[in-house]
Amino acid sequence: MDSDPSVSPDAPKVKRTFDQMVFVNRSVTMEDIQCYGFDMDYTMAVYKSPDYESLGFEMIRDRMVSVGYPHELLRYTYDPSFPTRGLVIDTAFGNLLKVDSNGNILVCSHGFRFLKGVDVHLYYPNKFIQRDNTDRFHTLNTLFNLSETYFYSCLVDFFTRCNRYTNLLKGFQHGDLFMSYRSMFQDVRDTVDFIHDTGILKERTIKNMEKYVIRDPNLPVFLSRIKAVAKVFLATNSDYSYTEAIMNYLLENNPNAGREKRSWRSFFDLIVVDTKKPLFFAEGTVLRQVDTDTGKLRIGTYTGDLHAGTVYSGGSSDLICDLLDVKGKDILYVGDHIFGDILKSKKRQGWRTFLVVPELTKELQVWDEKKGLFEELKRLDVFLAELYKHLDSGSQGCPDIRTIQTRMKVLTYRMDMSYGQMGSLLRSGARQTLFGSQLMRYADLYSSNCINLLHYPFNYLFMAPPVLMPHEAAAQHAADVASAELARTNNTAMMGRN
Amino acid sequence: MDSDPSVSPDAPKVKRTFDQMVFVNRSVTMEDIQCYGFDMDYTMAVYKSPDYESLGFEMIRDRMVSVGYPHELLRYTYDPSFPTRGLVIDTAFGNLLKVDSNGNILVCSHGFRFLKGVDVHLYYPNKFIQRDNTDRFHTLNTLFNLSETYFYSCLVDFFTRCNRYTNLLKGFQHGDLFMSYRSMFQDVRDTVDFIHDTGILKERTIKNMEKYVIRDPNLPVFLSRIKAVAKVFLATNSDYSYTEAIMNYLLENNPNAGREKRSWRSFFDLIVVDTKKPLFFAEGTVLRQVDTDTGKLRIGTYTGDLHAGTVYSGGSSDLICDLLDVKGKDILYVGDHIFGDILKSKKRQGWRTFLVVPELTKELQVWDEKKGLFEELKRLDVFLAELYKHLDSGSQGCPDIRTIQTRMKVLTYRMDMSYGQMGSLLRSGARQTLFGSQLMRYADLYSSNCINLLHYPFNYLFMAPPVLMPHEAAAQHAADVASAELARTNNTAMMGRN
Amino acid sequence: MDSDPSVSPDAPKVKRTFDQMVFVNRSVTMEDIQCYGFDMDYTMAVYKSPDYESLGFEMIRDRMVSVGYPHELLRYTYDPSFPTRGLVIDTAFGNLLKVDSNGNILVCSHGFRFLKGVDVHLYYPNKFIQRDNTDRFHTLNTLFNLSETYFYSCLVDFFTRCNRYTNLLKGFQHGDLFMSYRSMFQDVRDTVDFIHDTGILKERTIKNMEKYVIRDPNLPVFLSRIKAVAKVFLATNSDYSYTEAIMNYLLENNPNAGREKRSWRSFFDLIVVDTKKPLFFAEGTVLRQVDTDTGKLRIGTYTGDLHAGTVYSGGSSDLICDLLDVKGKDILYVGDHIFGDILKSKKRQGWRTFLVVPELTKELQVWDEKKGLFEELKRLDVFLAELYKHLDSGSQGCPDIRTIQTRMKVLTYRMDMSYGQMGSLLRSGARQTLFGSQLMRYADLYSSNCINLLHYPFNYLFMAPPVLMPHEAAAQHAADVASAELARTNNTAMMGRN
Amino acid sequence: MDSDPSVSPDAPKVKRTFDQMVFVNRSVTMEDIQCYGFDMDYTMAVYKSPDYESLGFEMIRDRMVSVGYPHELLRYTYDPSFPTRGLVIDTAFGNLLKVDSNGNILVCSHGFRFLKGVDVHLYYPNKFIQRDNTDRFHTLNTLFNLSETYFYSCLVDFFTRCNRYTNLLKGFQHGDLFMSYRSMFQDVRDTVDFIHDTGILKERTIKNMEKYVIRDPNLPVFLSRIKAVAKVFLATNSDYSYTEAIMNYLLENNPNAGREKRSWRSFFDLIVVDTKKPLFFAEGTVLRQVDTDTGKLRIGTYTGDLHAGTVYSGGSSDLICDLLDVKGKDILYVGDHIFGDILKSKKRQGWRTFLVVPELTKELQVWDEKKGLFEELKRLDVFLAELYKHLDSGSQGCPDIRTIQTRMKVLTYRMDMSYGQMGSLLRSGARQTLFGSQLMRYADLYSSNCINLLHYPFNYLFMAPPVLMPHEAAAQHAADVASAELARTNNTAMMGRN
């Protein structure tokens, strides 16, 4: 660890790679941050992909077969190139949708078949969904959802192809049985709940920690440094025993943990398990103390002062602020769940937010490799804009742009396919996904890994790039052109003088 | 009209001024638009500012005095430099707030006194409000709200200064009477409802059309051209008789109306009054036909085909689509109400949207005049970023940036004051307002005036500028730097060759 | 009036007629009542029937015609024998229903045609409605609703018979127009709101007080006597000016008002107008003081002590209790509205309740005249019960009871018709109506007139008859039979001794 | 069993004991009933009291101690004389309340201490609760709730007496820990859910069937007879494997099952498990078929015809009606849960209802033994009524009734104590409990045991006693008196003639 140049204080400053960078949607003066909060799963504890998703997938699959779904389903295995986060399941028609922030459909698949525009129109005449109909549309917001997303597609794929079943608009018929897409979705949800409630996934994870959980050697240093300058808390929906196992693995058994054996709890001022986020950011639940010897809850509500390293269960974000004596704006909360961690802590409590986006590593890599495609897209944009520039409502005729549009579609498709079958987590050609737009609205900072904060001083100023609105950009552009013109004229004049 | 160069087809193409431009948040291929919908008030019928707001203000003020508020209030007159749209009234503490999209407070005034940071903290320890608490916080979304916004500030100002009343946290005490900020707000709302329900504001407007309503001479040409290429409808919350009076003034009495007398209704395929937006975009109400001779509703629901120029009352956006045989994506809806017109039609129906922002004229003008300030802000940004660039979490010390931050605050304040006392409708320094962010999310297009569409052909392609996410911009920037470096090297090399 | 023996303290005690009696559902110890509250309309101020309902009917009818309904409707006049309170309108099918407390249909009419059982089944296969679907079913709870109930039936009657219109399940078709039962109901409701909001009904009432309002000469004495022993308040949804006009007529212009001119307000400790019941019994509205000189509201909320005769507007039942320093159980609240006055004050506040049921006069009269029918019904009941008494589940055969059942139906119908076309307000044969069951559940006391309290001392004990549950009654009956048997035996024995 | 005369068809008719009787709130013509539905737990399968409640109590107690509650709690054992059904827990103050249908408090205990009137007033100034505040007040509707009701009282008792804890209004303080009554209630609820969800109570029950479940030897005969005349279904919230175990014990292993071995399922036309009542009576859940070999659900929704003896899971009351081709009024539904079975099936579906009230055996026995007390109460009532009879509002003075009232209180208390510490399930003196009033409103029939239907023929007419409203009773009474008077006069006259 000491030999890691990136964290050694006296090492020569090296340029951060993109993968090590923290990106900024809204400026954050780190000097003002008095408290850091962390989620655990997929934030401190990053699960190894695709091993962990495969494990989840197999548990869902096996359980579904054991409750009566056809044995043929056992042939399916997890394919990490298919699902991305932020997809929406339409439980009425069994489709998987990628949408933009306004509900316009970007990609639509039925099982593993991707629907073409004309087929999408058959299901959605307006190529649009009313996303707030949450009874029908389920957004898969977390990395935990990848396994079930993929399994649901397997189900739809299987029944669609299987000739024992007749395909109907809302499901499949087999003799007297009707299997609606809706009930199939419900069965998958119930199965996922079963796996979480019974703890069998957690059990398997704990048994094979090396296989499923990434242990970053820098984590002890990272947390120690933060704790030296600010308060630190952990707030996880997991229960105590799982939290204990995971954090112990990450911190106490960490090869970089240092000579002096130190409890993982000593890295935190406050540890809260069973937080029930997003409820935690609203009314919350009763705050109880956890007996760290037995793992059991103490009865009654804790009302005393904060003791460092004490573990609590439940509570709410307001109680946390009280216990730590901080205000919302003083807190930087680091999590991976766009809805449960980031949107809610921002919208309801005004916290500063840091979204962990593990997919960013791949997103940046593809962006780098394929930037030529994006460049070409941009050039076609400019070209198109020029064609229309001098027309008004009285103009006759219309430029023929079909060739350009076809080329743009090809480029968009090629870009999308570089990310995976569902395209990028964040965009589809020039359009942002729902996930991308939420990331920009609610996450002040984001990065592929929370430890990337280590590459910045704790009094850093994260500066957001200035965002101009279209009319401001237009005015700016005109001004730039004018001053360039002026400069050119002056230059010419000056040259003339020469 | 024929002599107006901007609309004459054979006139030489002239550059559109900023004030005539349509700005683009999301690309719209106008060739695909098969139907144009228009709101009436502040969209087709733009009210003259500040005459119209003054009229509204005086009616509210006089009515409030007549129901028992102190006569001293009569001394107040409307000041157009104070309120802007999109402000939020905190009915608990009587403050007027300008907030960003996440609920962070940008400006806070109590009456006409602007509160400094430390005073804002007394009311709002976290400088943040939970905007979805709509019971407490009222957002003033429309230009109609300007009068009441200003009058409420007058009320707070008066009672705060008047030494007959004791100032308390939630209102004023006077002997046995307690006047809460909340009840005062309720009284203002009731008064505004009274003025709308009794129709006295409409009556005064109709009596003095020239004084209060802008009649654009291009409107008949504009609508005729649209109708030649697409379906056109009017959807207004106003009742029939007011709609009739206004539209008659705008179209039939228009000096440019042409020799042949033509009913204003003939400019539309469908006219719907009493639309009760935003309800109109959800379940709506019963659709009835209006008897245009008497202005009364026909009883029963109309179930037949569409007859051009027929006037309906009520209904819903779904019914409109059925009657006109169009889908949501085929419609460009033009309105001035960010919530009632634009957000709802976009979110619930997937319509294409065009927001009319009359304030844009002034916003662009100030932007143009003060762009030096923004330039300097940007330079300070870059300067700050440079200071922090090479630090990591092990770095000692911290750059002293207090002077720069003070300078930035001064610049922001000077920019704000150029727009008016509450600053810009759309931003406060580098930060966007709630209104600004909603405009960017929900309006595909926006402009200071709906007639600006006339400056573009009906098969125009409105291209949104490409928006890069911060990580993409960083990658892009790095690539640009690298290629510039390369170019420089090459140049040098080439020069060397010479 | 002075000669009315019932109010003269020194007159000889006479037996109260039924019409003067107060009936008891739950015992009330009047000595414990420390506060009397009164509603105004139909409680203190009883409107003359059918003159007042006719007035309301004509206003609705004329307004509906003036907004476009056919002129033929003007031929209809109000028929007091048709509607009763507590009927339910099914806005889907246009039917008027009389139901029992569980939603079972007792009577069903379509226009003025009463449907037979088989026809009722066509609409309601289970002869049952889900009453809590308040979007579809509207219960007409007050005497104010009688006019609109009747007018709605006129509408259905007219369109059903008129051959210009085709009868459909959910309304009428006429060319391109479809008139749904639902929209017709909405039009009637809107019209009734118009009549109330514009105050035209109140205006007409005030202009012709003698014609429309019953002035009980005992009212001043009644209120004076109460005020001598308890606190008294008035809580009405009417506004101040109407309240002032009505109460002035009832009390100050009362021939029995006494020589000394006395303000009507002096009869009360507290007067509250604009109460917005039933909201008044929940969160309520802001409490304001009314300036009795101008009739206008004072601005601000009154926070001081109570001054007798002061008039307030708004508020809530909790505020009233605070101002009068009484608890819910100390209050006897007298009103005519089963839902707004009685159910809500009982359920939410635990008040003692007294329901005014003007219809009781007629109900008691019919009961008295037709008690022979009820006696016969009872005898048939007993006869039937005897037939089945000794059968068990193994019994063969079954008594033929069709003749008895037919006779019972005839008797029920004859009883019903004695009350009016819709039968009694309170029962249909042996079954209680919804209104009847609510009266028993929520009204501790009830009477045809609130002044009937005058016939009882203010320390009276209103004793509820003991209610035995069926199993207790059975046990009781068995015991009675046994002891009668014993008595008979003993008697015989004793006789034997003689 | 064959010797039981009550079920032998050729036995001489004997009088039904009270315990064998079915009582009638609303007449039911059994000839019209085409379908019988049964709940299982506490309806067909009656659990042995107090063994079963003790088992539940001990499981709750032990689990609570194992999660951290003090070991001293293990000393408590179940006392069947304490709790009754229908009590209300006030989670704010930890009190157990017995209330009437309007929310007036009849009995209030804190732990095992019964509060006197003055102490009740300290908690509830109006001696009244707003029952619809279900967040605070929990009604314990079922016999399953008896164990937790008692355990919660043990908890309150323990902490109140234990001097380690300080008693506060809303809970107990112990050092830094605050144990609110609310969180203690939540812990009990969670524990009960744990016991149900893990199935440990069911497991213990099945292992010791004889100890915990009453097997009525008449059940096979009863169901066979019903099935001969009507359709029969079972609808239980239990899962299939528990249902299978219980019904097998009740029917197949029944000594009276007959020589020919017959599956318990053959007694029913339809069996539905996992019904999730009360949801079942509203929107319900997906209807699935149960594979009776494996006990697992078949995937998909069953859409075919009904096969006798088939077992389904989920569904809704509407689906049941469709499958059995019956309407709500044709069904007599027999259950023990006043809310989940009876109220909901009656209110939402219009079903005929039969409530099983095992407590009735004791209620009737006490009633019989103590009827002298009730008689005396009635006599005091009449005596009181006489005292007030001839007074009016002008009367001076007031009868002194304090002695009578004291005597009445003593009698009421003595009656209450005959039932148990909380008094009767159905009444407190002259006042009905909430449970009693709901029983009268929603149960058409009720009895201590569902098998009591066996004592009546299937074409029986259950006649409700005629219920007179107070004004009708008064009129009736007057008429009776008059005719008696007349009879006396006539008699005298006739005697005179002699």
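When the chains are written out, they are named A, B, C and D in that same order, and each has its own residue count from 1.
Simple rule for what comes next: a contact is a pair of C-beta atoms (placed from the backbone, for glycine too) under 8 Å apart; a residue touches a chain by one contact, two chains touch by 3 or more.
All figures in this text were calculated on a predicted structure; none of them were measured in a lab.
Novice: Counting hops between chains that touch, how far apart are subunit A and subunit C?
Specialist: Each step joins two touching chains, and the minimum needed here is 2.
Novice: Determine the set of chains touching subunit A that also touch subunit B.
Specialist: Output, common partners of subunit A and subunit B: nil, no chain qualifies.
Novice: So, what's the distance in Å between the C-alpha centres of subunit D and subunit C?
Specialist: The mean C-alpha positions of subunit C and subunit D differ by 32 Å.
Novice: CA centre of subunit B versus CA centre of subunit D: separation in Å?
Specialist: 61
Novice: Could you put a whole-Å number on the gap between the CA centroids of subunit B and subunit C?
Specialist: 52
Novice: So which stretches of subunit B touch two or more other chains?
Specialist: Residues of subunit B touching two or more partner chains: there are none.
Novice: Can you list the residues on subunit D that touch subunit C in the complex?
Specialist: Counting only subunit D, the residues touching subunit C are 6-10, 13, 18, 21, 23-27, 31, 101-104, 125-128, 130-132, 222, 225, 327-329, 346-350, 360, 363-364, 367-368, 371, 377-378, 381, 384-385, 387-388, 390-395, 398, 401, 426-427, 430-432, 436-437, 439-442, 446, 453-461, 463-467, 469-476, 478-479.
Novice: Inside the complex, what are the residues of subunit A that reach subunit D?
Specialist: Touch list, subunit A to subunit D: 67-69, 172-180, 183, 186-187, 286, 289, 291, 296-305.
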